[in-house]
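The two complexes that follow have subunit A in common; it is paired with subunit B in the first and with subunit C in the second.
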Partner chain A sequence: MSTTPTSSIWRGTTLLAVAAVVLMPVILPSPTLATEILIFALAALASNLLLGYTGLLSFGQGVFFGAGSYCSALVMIHWHFGLFPALLVGILAGALTAFVIGALAIRRTGIYFVMLTLSFSQMAYFVAYTMSSVTGGDNGLLNVPRPPVSVLGFELLSLASPLVFYGFVALLFLAVFVAARRVIHSPFGSTLVAIRENENRASAVGYDTRQFKVLAFVLSGAITGLAGALYALLLNFVPLSNIELATSEHILIMTIIGGTGSLLGSLLGAGSIVLLGDVLSALWPRWPMLLGLALIAVVMFLRGGLWGGLLDLKNRLIRSPEPPQPDTRQKDAAQ
Partner chain B sequence: MSTVLLQTSGLGKAYGNFHAVNGVDLCVRAGTIHTVIGPNGAGKTTLFHCLTGERRPTSGKILFDGQDITHRPAHKRVSIGMARSFQITSLFQELSVRENLRLAAQGRDGARALTFWRPTEARRQHLEIADQILERLNMTARANTPAGDLSHGLQRVLEVGMALCGKPKLLLLDEPTSGMGIDDIPLMTSLIAELGKEHTVMLIEHNMSIVMSISDTITVMSRGQILVEGPPAVVRQDERVRSAYLGEEG
Partner chain C sequence: MLNVYLFQVLNGLGLGMIYFLISVGLTIIFGLLNFVNFAHGAFFLLGSYLCYTVVTLTGNFWLSLFVAPLGVALLAWITEQVLIKRAYHLPHTFQILITLGMALIIREASIMIWGPIGKSVPTPAGLDGVFRLGSFAYPEYRLFMIVFAAVIGLLLWFLLERTRFGALVRAGSEDTETVSLLGTNIFKLFSLTFALGVGLAGVAGVLSAPIRGAHPFLGEEVLGIAFVVVVIGGMGSFTGALVGGLLVGLVQSLMTTIWPQGASLMIYGAMAAVIMLRPYGLFGRS
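Now for the complex of A and B:
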């Protein structure tokens, strides 16, 4: 079931992701909004690798996001790094913080693990808050440039236009999406699912489960760091809130509402929440309350998240010749 | 006599002042089925956990195939040829039977499964092993059933099958018939007897009829120590065993 041939990571949900990415700027009111959705979809997808596939509820995601934002912005402002080197710095910053936090937090399991990631998240926030000479503290890091796409100092494409920048982010998103599917269908990915299902058994058949969890953290951190770096480029600014606990919560809520254990669910989750925020915040300042209600509804009634709900609906409507899957998570894991 | 595969010398596990296992010298010869029995609290399970690496012994040594493995963590005992089953069924419940077995086969290669850029099917040998074991367990028809949907008896059989996937020299089975219905027990008995022809098996078991019918050697434990050891016929006749164990059972 988790033996997806190489060619098929290019089909199925990947085609749906491509379709979504092409349609979003057409349907949505602005390319900037679409870009924000893709950036948070990257972060949710990375969180999904930990929560949906490995079974680790990490509140560290905001730290990786913030580290990616700050580090890439700082090297662009002070050392005039180009676009790709700056993104690489963001990826490395996310991976490195994830390695440190992951390696320490997985020494405990269950609720203690969650509490450790929570503490790291609080610590990182206060570090960013108090080091205001570097991070700008409460004011945020201002005047972050958006360098053009260039190779060997030769400028190829300016990203100043919102639509062009959207295209750039969309290509990166699709690349990460395909790479994440490759990871999920690798021996490594199948072992992560095994650890989620039963860590004792995974250890008994020969896996050093800590190694696998740390690597899952590093991959998740790298993708989240990339998302953070892109967010800094989008806003031309790094707000302190990027590294707040609320960002971790935001990412987790997107992951859960979209559907854990399905990569497309992460896009769906990020899309719904960013859109909901955009529409509702103009109408009603207390809109995050509705977010709480949505989360409660999904957790209680839609265990597979929005994506799982859509799959159920499709099964019910089409009455396909194959019997409907009793458990959506099962089906999602096979994607 | 055949060679010794697993040997413990003076093995002990203490919790504070309580010696759950106290100076056990156990010797499991290659190619035999070796059963450890004893009344509740005799230290069988603690001994078993020390052998699998789940618990660290506080004294003594464990030698496996000539190597000292006393302090080796559980997951590093798989690649040298040890495999175990659990007393309480421990499977990947939501995954198919075949995927359960494939993961178990892949586990023997340990850290090589960290290759996150390769497709799973790049390592076909794991699927082949899974299919062989499926056939051996007579479960090919159930290959795509989620493990959690199997009957309890079949889950117990799969539990043993998972241990087989590591191509072990020594199979450690923790109460393989635990919780099995009376109708399923012959299935497990014949499976273990069958396995005994190719593997060395060490098991903990409560069901006396199984113990007496399949074991080559029986070790009787009581209060953390070995009381008697010998072939079934000898153990059955031993007075100390009767009073310590069989007598208690009535």
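Now for the complex of A and C:
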């Protein structure tokens, strides 16, 4: 069976993601750190679906993350939900908040849209802060359990060990990664890119662009909600900062520094920033200043982000015997 | 009972005038330069902190009311020369990200200089009394704040509507190229306008310091509120900033009497309502 170039790129990218996921706990000092990277990689990937593929710069990502954290933690604490139902609640909470914020914010476009996502993000923070009897307010939500993997009440696997929990998160990450690539290469994904490139044209061709944008929001919110729920499980705790604007900014910065429009870039961005934070936060608490500098530098000089930079470097070092043009022609001929 | 509401209405006017000063700066910059400044809240914060420093060093609030906004405007002018002017031609998304980076740098630098814990600024001497009218009493400083902000607003209106500089700014926001072809150094005009707009956030920061103090995360809060004002009133409109600012200030302040914890929440609720009923703002046309 012959494989088309698209599917081989497909496999290469996924293979790289699998390799990274397998290598991380070996190279990194602790599986907990590796887990944190994957959780934020999920969030960055979700933000990438909006920014990189649909062209929507959303400051609401922290809201979906926080909603996923709080809701999954609350149903585990108060109603003793198991692992998968709790994760599902986190996903639904992220999707629902994303639906509400997305549907309201896309009533305006351009900068007004971005401003609305930021203002709604502030609003969500005040909601969490005001409802302190539910969310724990400034103190956060304490004593979040980490239930075992169980099916129909039969306990299959305890996630208490950091390495086992890493494995669990890694499987979920890879599943989402593959699913996200499927979505991007589907007609739905192509429509999102068409909206990013020229919304008027996409709408003139007959697409209901609003509906597509809301769907992109819901998808992004669901993945971010999952990331938030996993983060609550990792920390056994939901800090108020999960829903702060700073979390939205962090997720966005990871996406952009890693490289917009490339899912591996999101993994790279989350990895480098979580690592940088881990190394620097003890030495120099003001390290986020570097993030500000890096963000400016990437926007001014390295639009493709770290991943784009790596690809450029690779292309410069290894001159492939076949230039890229014949490849695309072959693909067109095959189709 | 009536006095309680009068008290809150005055509080709302004061807050509203602060919001107006912040938003009108944001709006002027967007109007002429077509530039989105997400570091606006951070510059406001810097105004509050500079006020704190001047007041601690000299004990003179009046000096800080003069020096701090100038300092903020000067810093804005320098960043414009170094960075911002290279970003005017970029899409808004990139401008947002660049200024987001700036906001992060300013916030972290503020924490380095002034520490992570908030600072409070004493009510200026001479205005620490209470203004009385019959049975009604109101803090003098808050009255001064309303009047001062109104004077700044009038001066700004005069500057924009009645001077050559204002005419150039307005003409430039219509058609930059023509203004430049007619022999105006458009880049100088851009720098001055950016410094002016950011300086207004600095003034607002100083005025609010004796009431709210200075806290590292005030910048984000203020930015969120300025966006609410601008979404309601429309970007690039002086009147929109004034009406939007006052509306948000009054809603926030009147809600404090009914539901203190939810006052901040109601601002955003009001914004959501406007978006649902009039997606293009109170004055906007689609």
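Quick notes on this structure:
Everything that follows uses one rule, which is that the second predicted complex is superposed on the first by the 311 of 335 C-alpha atoms of A that agree within 3 Å, B and C clash if a C-alpha of one lies under 4 Å from a C-alpha of the other, contacts with A are read in each partner's own complex, and residues count from 1 in each chain.
Just so we're on the same page, contacts are C-beta pairs under 8 Å (C-beta built on N, C-alpha and C of every residue); 3 or more make two chains touch, one makes a residue touch a chain.
All values reported here derive from a predicted model rather than from experimental measurement.
Of the two partner chains placed by the overlay, only subunit C lies in contact with A:Val127; subunit B stays clear of it. After overlaying the two complexes on the shared chain, residue contacts for A:Ala204 are found with subunit B alone; subunit C is out of touch. Contact with neither subunit B nor subunit C is seen for A:Ile273 once the two complexes are overlaid on the shared chain.
Judged by the touch definition given at the top, the superposed model places A:Ser119 against subunit C, while subunit B stays out of reach. Using the contact criterion defined above for the overlaid structures, shared-chain residue A:Leu219 touches subunit B, although it does not reach subunit C. Of the two partner chains placed around the shared chain by superposition, neither subunit B nor subunit C is touched by A:Leu141.
After overlaying the two complexes on the shared chain, residue contacts for A:Thr191 are found with subunit B alone; subunit C is out of touch.
By the document's definition of touching, of the two partners only subunit C reaches A:Glu249; subunit B does not. Annotation: subunit A has no residue touching subunit B in one complex and subunit C in the other. Those residues of subunit B lying in contact with subunit A across their complex are 52, 73-76, 78-79, 83-84, 86, 90-96, 98-99, 102-104, 106-123, 126-127, 144, 146, 162, 165-166. Residues of subunit C touching subunit A in their complex: 30, 36, 83, 86-87, 90, 92-94, 96-98, 100-105, 107-109, 111-112, 220-221, 223-225, 227-228, 230-231, 235, 261-262, 264-265, 268-269, 271-272, 275-276, 279-280. By the touch criterion given at the top, residues 1-6, 182-183, 185-191, 193-194, 197-198, 200-209, 211-212, 215, 219, 327, 329-330, 333 of subunit A touch subunit B in their complex. Across the complex, subunit C is touched by residues 55, 57, 104, 107-108, 110-112, 114-116, 118-123, 126-127, 130, 245-246, 249, 252, 256, 286, 288-289, 291-296, 299-300 of subunit A.
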